[in-house]
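Everything on this sheet refers to the single structure shown next.
Per-chain residue numbering starts at 1, and chain names A, B and C are given in the order in which the chains are listed.
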Amino acid sequence: MKKDRILLIGGGGHCKSVIDVIEQENKFEIAGIIDVAEKIGTKVLGYKVIASDDALEQLFKDYKYALVTVGQIRSNTLRIKLFDKLKSIGFTLPTIQSPLAYVSSHASVAEGSVIMHHALINADAKVGKNCIINTKALVEHDAQVEDHCHISTGAIINGGVVVKEGTFVGSQSTTKEYREINGFIKAGSIAK
Amino acid sequence: MKKDRILLIGGGGHCKSVIDVIEQENKFEIAGIIDVAEKIGTKVLGYKVIASDDALEQLFKDYKYALVTVGQIRSNTLRIKLFDKLKSIGFTLPTIQSPLAYVSSHASVAEGSVIMHHALINADAKVGKNCIINTKALVEHDAQVEDHCHISTGAIINGGVVVKEGTFVGSQSTTKEYREINGFIKAGSIAK
Amino acid sequence: MKKDRILLIGGGGHCKSVIDVIEQENKFEIAGIIDVAEKIGTKVLGYKVIASDDALEQLFKDYKYALVTVGQIRSNTLRIKLFDKLKSIGFTLPTIQSPLAYVSSHASVAEGSVIMHHALINADAKVGKNCIINTKALVEHDAQVEDHCHISTGAIINGGVVVKEGTFVGSQSTTKEYREINGFIKAGSIAK
């Protein structure tokens, strides 16, 4: 069966982790990476940077799937801008899910979000658009992660927690149950 | 093969996580949920609340398996009371183990305990009765978790640690090795 | 197919976890354990302590594979000494990897290192010689763990971090991205 081809927008460290997930998932063929003009011709894990984002409208003639693979620590501005741009051009932004992750059949994950290796989305949880649920992160039963959030490596969103749009939740942090979380949660901290 | 039918006692958030595990394990058919009288007729992930716990003796005529699915954060009093009641009526309380969890063949888990998704019980560890080893929790080699404990999401019980009866170990907390732990361990803390 | 036989040097708690991994990996047959003279004849998970390390040169006539299974918390001196001794005698020190762990095909792990259950080594990460990547630990994309390190249970080495030779990284600790880490990182702390 021929796999659909996908463009990855952003060729940094997070992109490598996403490539590993896409290879393991084995649903898409990575057609190339989009990054700044100076990087065109370089490679990320063997995949070429083929254009900068000025070329996205042109590329849409050949490719229908794309994913934002820029990371998000200090700010999500760039991830939102790229997501909106891809959508307005007409790209389909799939949900990418590692076969080493688990998403409950009672949970939902929206377009453009990636569920990385060993992550887990439990029963009745909801993950919005353009989110990163990073390696080993956990979103527990009844939790809600709104659009454009990054749940970092090993972070835990406990039962019933609502993570408001655009929130960054730091690596290895955790939360009390049934709270609302907003903004920037430091690595290793406890959001009460 | 016909699956044995099981009753779940307590229809809150923890019950949803347990339902997800039971569905994935595929050993038991969930016959219904027992909760307070006002909830009879409502549903949890599609399973009906069929009675309150006054009806348990009556229900024992039709159902032989039951499990306490009430959560445990502030207190374990209700979980112990229900466990004792089910046992005195004559119910069998199985061990429920997620196929996404790992329990070493050198470890043991007693009746009525649940080993949730991505949890791990390592070599020579022992888990007592009526425990919750929650999502992504780890009980390392030689550790001992006594009866009626809740090891919360992502918590780590390191090698040789003894967790005394009825202890709550908070989400994402950890322990030094070969300690004795008792009472209430806060989320994200280090039990020394 | 006949499995190669391996000697385990050190019969404490960490050895039990390693035995569990070797059994699950099913590549090696454990020929026996080497420990102090007083323990000869005792058993660890059913495997006999057959000699003390004075006998290693003699044992090399019959066994070609060995692994250091002494733990490392306060100091790595003993693990380095044993590693060097095994190498100078001529033993082959394999990489042991749990089938429940994941090592990216874009990552590398050097001789004598063990990747325990539920651990994960992500794309473009490198793990040196004689390391313990303990249960549920995570080494993220582009990270480098130099020789003789112990990444404890549930610890997270985030993207691009360099863990210098001989470092101990405590249970459930985490790191900022692209840092250099050295020495002794306490359990549950954040290495900045």
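As a convention for this text, a residue touches a chain if its C-beta (ideal position, glycine included) is under 8 Å from a C-beta of that chain, and two chains touch if they have at least 3 such contacts.
What you see is a predicted model, and the numbers here were worked out from it, not measured in a lab.
The rotation relating chain A to chain C, fitted on Cα atoms, comes to 120°, given as a multiple of 5.
Here chain B and chain C face each other with different sets of residues for the most part; under half of the interface numbers are shared between them.
The centroid of the Cα atoms in chain B and the matching centroid in chain C are 32 Å apart. Chain A has residues 118, 136, 154, 172, 188 in contact with two or more other chains. The part of chain A that touches chain B in the complex is made up of residues 102, 104-106, 118, 120, 122-124, 136, 138, 140-142, 154, 156, 158-160, 172-177, 188-190.
Those residues of chain B that touch chain A in the complex are listed here as 13-14, 16-17, 19-20, 23, 45, 73, 100, 117-118, 135-136, 153-154, 171-172, 187-188.
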